[in-house]
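What follows is a structure written as structure tokens; I'll ask about it next.
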Amino acid sequence: MTELADPDVRAVSPARSRYQSDEFVARLRRRYAAEQRFKYAGMAAIGLASLMLVVLLGSIISQGYTAFQQTSIALDITFDAAEIDPQGTRNPEVLAQANYAKLIRDSLGTVFPEATSRADRRTLSDLLSSGAPFELAMMVRDDPSLVGTTKRVWLTASDDVDQFMKGFIPRNVAETERRVNDVQVAAIDRLASKDSIEKSFNTTLFTAGDSREPELAGIWGAIVGSFMTLAITMALAVPIGVSAAIYLEEFAPKRWWTDLIEVNINNLAAVPSIVFGLLGLAVFLNFFGMPRSAPVVGGVVLALMTLPIIIIATRAALKAVPPSIREAALGIGASPLQTVLHHVLPLAMPGILTGTIIGMAHALGETAPLLMIGMVAFIVDIPGGFTDSATVLPVQIYMWADSPERAFTERTSAAIMILLGFLVLMNGLAVFLRKKFERRW
Amino acid sequence: MGATMNAPSALPAVPVKMQARDVKVFYGAKQALKGINLDIQENRVMALIGPSGCGKSTFLRCLNRMNDTIENCRVEGRLTIDGDDIYGRDIDPVQLRARVGMVFQKPNPFPKSIYDNIAYGPRIHGMASHRDEMDEVVQKSLQRAGLWNEVKDRLREPGTGLSGGQQQRLCIARAIAVSPDVILMDEPCSALDPIATAHIEELIDELRENYTIVIVTHNMQQAARVSQKTAFFHLGDMVECDDTEEIFTNPRDERTQGYITGRYG
Amino acid sequence: MGATMNAPSALPAVPVKMQARDVKVFYGAKQALKGINLDIQENRVMALIGPSGCGKSTFLRCLNRMNDTIENCRVEGRLTIDGDDIYGRDIDPVQLRARVGMVFQKPNPFPKSIYDNIAYGPRIHGMASHRDEMDEVVQKSLQRAGLWNEVKDRLREPGTGLSGGQQQRLCIARAIAVSPDVILMDEPCSALDPIATAHIEELIDELRENYTIVIVTHNMQQAARVSQKTAFFHLGDMVECDDTEEIFTNPRDERTQGYITGRYG
Amino acid sequence: MQLTVLLVVLAVLAVVGYHLGRSRAANAVGGRIVQLHSVPAYYGAYVALWAGLPAFLLFVAWGVSEGWLVMQMVLAGLPDRLTSVDAQGIALLKADLLNLAHGLNTGRQPDPAVVAGAEHYNALRQLGDWAVLGFGSALAVAGLWYARERISPRMRARNQVERVINIVLIGCSLVAILTTVGIVLSLVFEAARFFMAVNPLEFLFGLHWSPQMAIRADQVGSSGSFGAVPLFAGTLLITVIAMLVAVPVGLMAAIFMSEYATPRMRTALKPILEVLAGIPTVVYGFFAALTMAPFVRRIGDAVGLDVSSESALAAGVVMGVMIIPFVSSLSDDVINAVPQSLRDGSYGLGATKSETIKLVVMPAALPGIVAAVMLAVSRAIGETMIVTMAAGLSANLTANPLEAVTTVTTQIATLLVGDQEFDSPKTLSAFGLGLVLFIVTLTLNMIALRVVQKYREKYD
Amino acid sequence: QSRDQIRAVGSSTVFPFTTAVAEAFGKTGKFKTPVVESTGTGGGLKLFCGGVGPQHPDIANASRRIKKSEVDQCAANGVAEITELKIGFDGIVMASSKAAKHYDFTRAQVWKALAKEVPVNGKMVANPYKKWSDVDPSLPNYDIEVLGPPPTSGTRDAFNELMMEGGCHQVKEVAAILTDEKARSKACLSIREDGAYVEAGENDNLIVQKLGANPEAFGVFGYSFLDQNKDKLQAAKVDTVVPSYELISSGKYPVSRSLYVYVKNAHVGVIPGIRELIGEYTSERAMGEEGYLADKGLIALPKADRDAARVSAVNLSPLKL
């Protein structure tokens, strides 16, 4: 029996009322003040971050919401058979080749009979989008019986008219200082008085590919491209990243070379993203001869870029699982792999999901590496496969943000809103999964 | 076997340190305690015994409001310390916990050095202003918990690297380092070997002079050895509370009898 | 108090299930076991006793290679099961651990439902092909661990929501659910109340018919009650191993004597 | 088409193999699985691997080499007059063949021999695909059968399966190494050319960065100095500013979410903050340049400070906002994973919540928090757009956050997307910068690893 | 792989014009719409000169003329025949916010304000001017702050050559102080690095918007951005010439440069549609004075040059430097 003959015991156990002493109470008050400060600091942090988000989102939305509307102009178009299909064959080839611009000019001529000079007529046809003749061509292709009739049709207005209607081009400045001249302003007023010009929901934005004309530009191509690219990224980065993390955290012997891999992964996280683009260019395009601008290459490059994020996050999550859980599983004869798959991984899942989300969010918003592999490109056609030329949402945003046309400003913000919509969707899924896996023990 | 008690019996009336009146505890919809009435006397050791899951730990955690940290836990009834309502406005849980220390069932050393584990409490309560004082507090606490000799050369090593029993003694040392009024111990010796257990029991006996102690134990002998009062819990009820000798030799309730005799009678 | 033993003494020669020859264990540079020689007989209960930190858990963990999971742990010497080298090529540690089950010092239920905690082992070993069979295995195991009545209505609730003692019994149930040859128990009853302890001790006695059991305990009485052989460890040495009765009544080494008599003599 | 079918066949065979292997192993010992070397699932996995893996490798090999192989065969079959041209001619011929094989109209009359070649090409590809489907399926069935036959109680199925899995896992880890190798290779040659043109010492220790070098021979160059110190100093400055925003805010946000907020609040807050990480950097760039920078400048003017309209402060702060979620979300996860028993221990001693968090929870969560912060630092170093737009491109050597600075990555990006020339040091300096940045961060990471390893503490 | 889609790479300045042509070309429906990448002139030419075959682009956009070294590189990689098409002009303007007072500059003033070293009292000294009014009292009392492209940009090259070098030559003292041709040229082209000239990246929209936030600053960017932001910006006259469409087109405005498109002859006929595409590009409805490219901000060539481009496009006459 150990002897504890300590006559001095009371020295370390002072008067029993010490926790009610004034000194202690005063100290407690200070501690509580610190507690409050700490809590407020936490709230302030959340508040600050949320405020930033609100400001950012606010500025994006306030700039972008107008892009969801587009101005159109109604014209009575005479689908003159002699003009469209003189032979009367109704051959689609012939119908497609017809000069629909002339139909529009003629129609405008009847609305604005006073415009006789070449310049004025030109000015007037600039009210309509350069895509308007194609809209007519589409109508005729879809319904050849239109030929020979006269019909009131809504045609897309040009971007300048659209901006004017939305108030982004001021009316009360000198004519030389606006892209809509006085003749056009008068024409717009005349159309408005006849209810022949109005704003409606901008479906083009959601269904079309890119275009040089803001009023014809859409982000569907970029959405599809982003989807394909991200699908590849996710399919590669998540399994490879999680596997690598599992290996390093659970199986790898602690040797110099595992340290090397660890350092190396941390280092990759700091490599500027454009360097991954260089890598993609050198290895995938030049060495393996993969196609330029293809989602498959973009996906691989972004996967390499997000890999370190996922690995680091997953390792941190695995590390947080208490060893007693592993012992419990091993102790009843689960193999190390089963231990990891059945117990450790599910417990680490919230952290893994967080890493995946942050990695994917990064990949979803990244432009620079794609520049090197040709995805920063003007691509009109909607990609149909993983090797077709494609672009992605952030690149579309980047290119629109750099376009001179005023109307692209609002579309840039609209595209950002859509991108964020996808992000929120992705996050939503992760929140759901995270909630499923999360538990405190 | 019978209760081999070495504790004094039939104590004179002493002031009541803590009091429970009709204490009910719920975990969500599940009721864990069904109205406990209990007086805990000053400078006495009170043992709580009873089968597993009967609510001993739950009750113990009410005494220093550790239940506050459990999400869906609700406490009803009145609990007092020195006449003050524990759940009342006047009492602050932090202050309360400093007055009512706790040692848990599973040893839970902090992921810090052995030294810092002990110094943690005194430091937050501002009990030692100098390095030397702190060193002394740490050494005293470790000595009283009977761990000093084993760890004196490795005070800077992490507390989590100790064996199970060492960890538990570390937690005891940590609790007594802040010299609370009341010490709650939830099976403090379950991970200890007999020598260490004896050491702790001696310590408890010694602490009793200045402190009030409530101990949960599954070891009848231990309860008999260290406590002056014993309360028997069963299925969320406090069946019986009396002088320890009384309980072990002459239980009034048949459930108590059944339990303490078990196959050990 | 003296060792009140209710175990049979002087057993006839029985086959050896596991054997340790000059087993040394190092944690990094620190030597935790200094050359252990020990025979563990089939269908017997072997108790390991000794002061805290003497290496009981370490030795136990050698027997099913749980030490493999500790980064800097090195095992030397020869350990066999049924004559096969435990650390040899032919033995798969995973399969070994299915044969040599383990209950740990701290209860460590999986953060899953009670049912899934038990069903996990049988499931990975393909021991129950049907839902019904599995239900039966779960029920049997919980019944044998004496937990069935308490949890039968909440099998789908998380195992981590149980009380400390319930958790430990859950872990025991989980270990016996895979019906191993040998069961290693590291202070399995330290968190249990006497009734549950008695239940487990009975279970151990019962299991002995089919299984070999090694149990670490700090409770001399328990060692005396449940084991046929007792080994005394001290500072990394196996000081003495003999029939339990022999050890408790007639220890040869004075360290053993000092320990088991302690203040309990 | 055939290849898709093959994949489906392989998947099915693998599943079948798994079940066959498991039941056969169990039967081999009459249900007493203790007698097996490994648990039955491993025998199942063993058979599944034999069924799936060889055929899958064949599939991959064919997929990679198909185009090249078939093309070689077609070229060999073409008349000499077409193929006996230089490499460029062959390249054009191949393009012609492929265009024809895919039925493209190139707008010119193709050579009949080339047309025949294109048909040959299509036929060969068809044939090859069918052959691979047939051969692959056969291989899978054979593998399945072979593995099934080999099952015996003493067979070390676990070791074999785990070896394969281990190889796969190691392979995954090696992707990171390969990436590094790839990056180094894609930088090192051009970097070497750069260092031949510019003295590495001048590059590393020069205090002046101004690559206004002539890009055209007929254009007279102005100053061309390549001292990278201002770039690294600028990177450091902006990273530090960003961290000063992101770490306190992120960490406090994480603490609030995991310790103070209700679970419902937490599930809502976390993804909201994560949105910050997903906003395209162009947006942050505009925000930094058009809102934050003028704001900082106005504040500075108000208190009488001379603030450049492109300040490191504006860029750094906005970048910090962007990486808040890196710190907050990851830290929140690890803080949440700290066992409750540690908190209880602290509360039991009379600690307040904030004391518990600061003194117990944080140290326990430190390894994970360090990982999160390192990730955030990395992200800050790698970010280009915000700096380009808000802090400008002028390389000032200053520690004053109110002045304009530029960063290494910004320069790399600008040099690479701007007008380049093959062997102008101006263009090549991007590669030099990339390589040196790579080495610098590698060194820093090495140091960080040592530090973290030293202070890492385990808990349970 | 085969390719049925034309690929163009190169200058970000020419990008808006080539894309407009590509789109119009695609709308005719006979061919797929070409893919146009914005890689910068040098980067584009590097890709373009990489070789012959479907993995290499067919067309390169350039905001400057191809260099001899680049032609050599092309030849070394087997790209022997290149057709050069000059497509139009780009004016480089100096503009400020409408909120500021309007001022006009001479090139000499601009040079003095922005050069690294200027002659003071017969010596070249580090540029001492802080305000425009220091350069010339007739100029505004504003801090000199010019937001312009970085040295990696083609626009910057042109600005250097046309504005700075031109301005430098107007300052007679320079020639007097620096007799050495090389040193003089260097002095003429060096832009100060003390913050007065802000390298604002390649995003011209950003410059335009920054001018809004900072009315005392001037911006340097392409004409098309001025055209789109007439209501917000006012352009300074340079040497008394207004940067208007007509005056740039006629060559009176001193700071304008030519834009080019290069075509890889070897790909014509292999990749479908190249001939038709450049036909569209050089057509009057595209690059004519009233063509859709003019609407996008491209300044049309004189009639004779347009005709010459059209002939080149038909004949595919290889470039000889």
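Each chain gets a letter, A, B, C, D and E, in the order it is written, and its residues are counted from 1.
One rule holds in what follows: contacts are C-beta pairs under 8 Å (C-beta built on N, C-alpha and C of every residue); 3 or more make two chains touch, one makes a residue touch a chain.
Quick caveat: nothing in here was measured; it's all calculated off a predicted structure.
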Discussion item. Which chains sit in contact with both members of the pair subunit A and subunit C?
Written reply: B, D
Worksheet item: Going by the contact rule set out at the top, which chains touch both subunit A and subunit B?
Response: C, D
Worksheet item: By C-alpha centroid distance to the whole-protein centroid, which chain wins?
Response: D
Worksheet entry | Among all chain pairs, the one with the most C-beta contacts | A-D
Worksheet item: Taking each chain's centre as the mean of its CA atoms, which one is farthest from the centre of subunit B?
Response: E
Practice prompt. Find the geometric centre of each of subunit B and subunit D from their Cα atoms only, then give the gap between the two centres in Å, rounded to an integer.
Written response: 53
Practice prompt. Give, as an integer number of Å, the spacing between the C-alpha centres of subunit C and subunit B.
Written response: 28
Item to complete: Could you put a whole-Å number on the gap between the CA centroids of subunit B and subunit E?
Response: 83
Practice prompt. Compute the distance, rounded to whole Å, between the mean C-alpha positions of subunit D and subunit E.
Written response: 36
Discussion item. Quick check on subunit A: which residues sit in contact with 2+ other chains?
Written reply: 1, 19, 31-32, 323-324, 333, 335-336, 338, 371, 401, 441
Practice prompt. Going through subunit E residue by residue, note those that touch at least 2 other chains and give them in order.
Written response: 1, 39, 202-203
Item to complete: Return the residues of subunit B touching two or more other chains; collapse runs of consecutive numbers into ranges.
Response: 94-95, 98-99, 106, 124-125, 180, 195, 198
Discussion item. On the basis of the stated criterion, which chains touch which? Give every pair.
Written reply: A-B, A-C, A-D, A-E, B-C, B-D, C-D, D-E
Response to the item:
subunit A residues touching subunit E in their complex are 96, 122, 130, 134, 169-170, 173, 176-179, 211-213, 285, 289, 291-293, 371, 374, 376-381, 387, 389, 399, 401-406, 409
Practice prompt. Would you tell me which residues of subunit C are touching subunit A in their complex?
Written response: 64, 66, 69, 71, 94-95, 97-99, 101-104, 106, 108-111, 120-121, 124-125, 158, 160, 171, 174-175, 177-178, 180, 262-263
Practice prompt. Spell out the residues on subunit E that touch subunit A in their complex, using ranges where they run on.
Written response: 1, 5, 7, 9, 12, 15-16, 18-20, 22-23, 26-27, 29, 32-33, 35-39, 55, 202-205, 222, 224-225, 227-231, 290, 292, 296-297
Discussion item. Which stretch or stretches of subunit D touch subunit B in the complex?
Written reply: 263, 339-352, 355, 359-360, 363-364, 457-460
Worksheet item: Touching subunit D in the complex: which residues of subunit C?
Response: 90, 92, 94-95, 98-99, 124-127, 181
